[in-house]
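What follows is a pair of complexes built around chain A, which joins chain B in one and chain C in the other.
So, the complex of A and B:
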């Protein structure tokens, strides 16, 4: 089965969801979410049945200029599908809050009016993420990226009777449109400098001598500005805290995982030709190193005084982008080819980040649905009232902080190992300071949930649905399993080569 | 030919300046149309007829009408004249000056204006721009076009969901 079948399945699922929402009279619109889960789950299982395309055997179609189905593409497609699956589950859980904030109950309106689209949009966004994972052509990258970004604009502003959500939507729209402008301008310069929009041909052109260095570097700078917006790297991180805080919680989870993974795969694909070309490697790596250092310091230090849990995770997402950029900065000098490759380290980090962030957001969604608060104070005494949720949060925070025996530890470990091998000492020191600060603000949450008395007196816990509970348990198992045997993920990456 | 270039470049620039200095949003929008017309003429001088026509049809036509429509619908008031402080002026001058210096040095280094572009030597029976672009869009680039289809669907859904007064 060729890889592009997966996207066809995902898009058809999304279309089916929209059509059923429009034409079928449903009692409970959450069944649309179950349909989406079915489609996404099927696509995820079929991911393991994909047979890579072999070049030159069949009559070559123009399609393969735009589409790669190598192991990286498949790995990131898997991440996108997993993230979407969990986000859909969370959205179904979040149904009540969405309903409260979008509909003005009219006489003949469905009580869950507007909910079907809330479940369908992440599915289309997932298709965009998957196309992005495979994109090998600047035009393909651009249209896939825009599909993802535009669906995020809508999802962020979805709670249309909530000022915070609308504000987040407007901010995200304006800054996102600006960064898109930079991206297109950068692509135009790259096309002008290298004469091609195919990444392979661009890589070849950058290695040759007759490329205009100034023009290519200018293109690189513009593209970097745009992608730094997407992944949330300093100095283009201003939108992150407000947008994360204002967006509906499941969408924040999607934004922090999906948008970041997609940003990094495009960053890797576009930056690779530069990082591998002898004329550009040193300059581009230096830019990445500076950006990584600034991101590490800003993300970690700004997270320290936060009192809102969602905002804290927003700053933490900036901090993690710093660690990921550190890996990219170390790429050109990471030495022996037999050792861990930077691309594999980034993939592992993103997989670990996905598991631990989504786990934290599962807890946050449950608490938000029941208690209508995202302040850290709302989590006080969670260990007594809801031991299961508290334990989930403990594992997630331990992994985000990078405590050994969790996936987050190895993510950070690989980042440090590569930076040390590349002898980026300043960056290593900054990262160590950042990781230390991380221990404080992540474990502060653990202290609040276990060592403080519950904020509300009745002592009742927060119930959690069975499907969500199973997913949470699986995520915890994954975090611990990757933390004990990191080779499992790395092997998955190597096995397809 | 050279005279025409300067004429249209000046038109485009004047339009751009008009957008910034007009206090009334409607006048700004009209100044933008002037700027777009100048740009379109420049494209046509470069033998890029399709781009030039699209510039007029899409930008000066459709998008500007949308702008005007929104400005008039929202009844945006004229901007109030702000008193400029010395600090603001100095900062603006520093940024603009720095940018000009940078631009000037880059243009000098790469010898802008010295290269002379030969007119394209196309055979008389070559297919037109529109023909060739359409051909490429629906042969080589069919895959991105399909993705754009999904993108437009998502955007349409979003507009309906976010702006409909009462959802059913």
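So, the complex of A and C:
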């Protein structure tokens, strides 16, 4: 089975969800979400049945210029599918809040009118993410990135009667469209400088002598601005806190995991030709190093005074982007190719980030559904009222802070190892300061939930549904398993090379 | 004196278009105007793509059509972006009755 079957399955699932929403008379529209879970789950299982395309054996089709099905692509497709699966579960849980904040078209309309698209959009977004993982041609990268971004515009602004959500939607729209402008202008110049849209041909052109260095560097700068917006790197991070805070909670989870992973896939694919070319490697790595340093300092220090949990996680996502950029900056000088490769370190970090962030957002969604608040104060005494949720948060925060025996520790460990091997000493110091600050603001949450008395004295906890509970347990197991045996994930990446 | 249009002429116009668009996004206060400026930036990219495509003559004497293919995708995506964007702006206008970006401050910490 070729890899692109998966994208076809996901798109068809999304279309089926829209059609059922439009034509079937459903008692409870959450069944649309269950259908989506079925399709995404099936695609995830089929991921292990994919037979990679072998170059040169079958008659070459022009399709393989646009599409790669190497292990990186498959790994990121898996991440996208997992993230979408969990986000769909969260959206079903969040149904009540969405219903409160969108207008019913009429008194006799379905009580859940306008909810079907809320479940279908993440599925389309997932198809875009999966295509992006495979795109090797600038046209493909552009279209996939825009599929993701435009679905996010709608999802962020989905709560039409909520000022915060609308405002977040407009901010994301303007800044997203701005970064699109930079991206296509950069692509145009890259095409002009190298005469090709294929990443392989671009890499070859950049290594040759007859490329116009100034034009290529200009293109790189424009593309970098656009991708820095997407991953939330300083100085293009300013939209993140507002948009994360205003968006519906499950969508914030998707944004912080999906959008970040997508940004880094594209960044790695587009930056690689520059980082490998002797004429450009030093200049581009320096830019990445400066950006990584600024992002680490800003993200970690700005997170310290936050009192809103969602905003705190927004700054934390900026901080994690800093660690990921540190890996990219270390790439050209990271030594022997047989050792840990920068691409593997980025993939591991993103997988760990996915598990711990989604775990935190599961707790946040459950709390937000029952209690209309996202302030840290609302989590006081969670350890007494809902021990399970409190334990989930404990694991998530420990991993985000990077405590040993969790996945987050090895993510940071690999980042430090590569930066030390590349002798980026300033960056290592800044990252160490950032990680130290991280301990303070993540563990402050743990202190709030275990050592403070509950805000409300009725002692009632927050019930959590069985499917979400199973997912949360699996995520906790994954965090600890990756933290004890990091080789398992790295082996997965090396397995079918 | 006879002059011919070279690649640089097209790139200069496209660069100016991009700069005007970007300046508009930064300076204007009306969200509809900002949105128009964003479209200007995309047009600048389109102009560059066509110019590069026309001036990259391949071995067979034909222009490199890759650039023009991307252009069609950009136009399509821009249309989708406008459809979604205007819908969001209309929803915001209904709740705020203003298009001034300075009024959107619900989330200052």
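Keep this in mind: the second predicted complex is superposed on the first by the 495 of 497 C-alpha atoms of A that agree within 3 Å, B and C clash if a C-alpha of one lies under 4 Å from a C-alpha of the other, contacts with A are read in each partner's own complex, and residues count from 1 in each chain.
Everything below uses one rule, namely that a contact is a pair of C-beta atoms (placed from the backbone, for glycine too) under 8 Å apart; a residue touches a chain by one contact, two chains touch by 3 or more.
Computed from a predicted model, the values in this text were never measured in an experiment.
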Touching partner for A:66 - first (chain B), second (chain C), both, neither: first
Touched partner set for A:420, first chain B, second chain C, both or neither: neither
Chain B versus chain C as contact partner of A:150, first or second or both or neither: both
Partner chain in contact with A:178 - chain B first, chain C second, else both or neither: second
Which of chain B and chain C A:114 touches, first, second, both or neither: first
First, second, both or neither for A:139, with chain B first and chain C second: both
Partner chain(s) touched by A:164 [first = chain B, second = chain C, both, neither]: second
Partner chain in contact with A:196 - chain B first, chain C second, else both or neither: second
Touching both chain B and chain C, residues of chain A: 139, 142-143, 146, 150, 153-154, 157, 160
Footprint of chain A on chain C - complex, ascending: 11, 18, 21-22, 25, 31, 34-35, 38, 41-42, 44-46, 48-49, 51-53, 56, 64, 66-67, 69-70, 73-74, 77, 80-81, 84-85, 88-89, 91-92, 95-96, 101, 104, 106-107, 109
Residues of chain A touching chain C in the complex: 138-139, 142-143, 146, 150, 153-154, 157, 160-161, 163-164, 166-171, 173-174, 177-178, 180-182, 184-185, 187-189, 191-192, 195-197, 241-242, 245-246, 306-308, 311
Residues of chain A that touch chain B when the two form their complex: 11, 18, 62-63, 65-67, 102-104, 106, 108-110, 113-114, 117, 120-121, 124-125, 127-128, 131, 137, 139-140, 142-144, 146-147, 150-151, 153-154, 157-158, 160, 214
Contact footprint of chain A on chain B as seen in their complex: 106, 109-110, 139-144, 147-148, 150-151, 153-155, 157-158, 160-162, 166-168
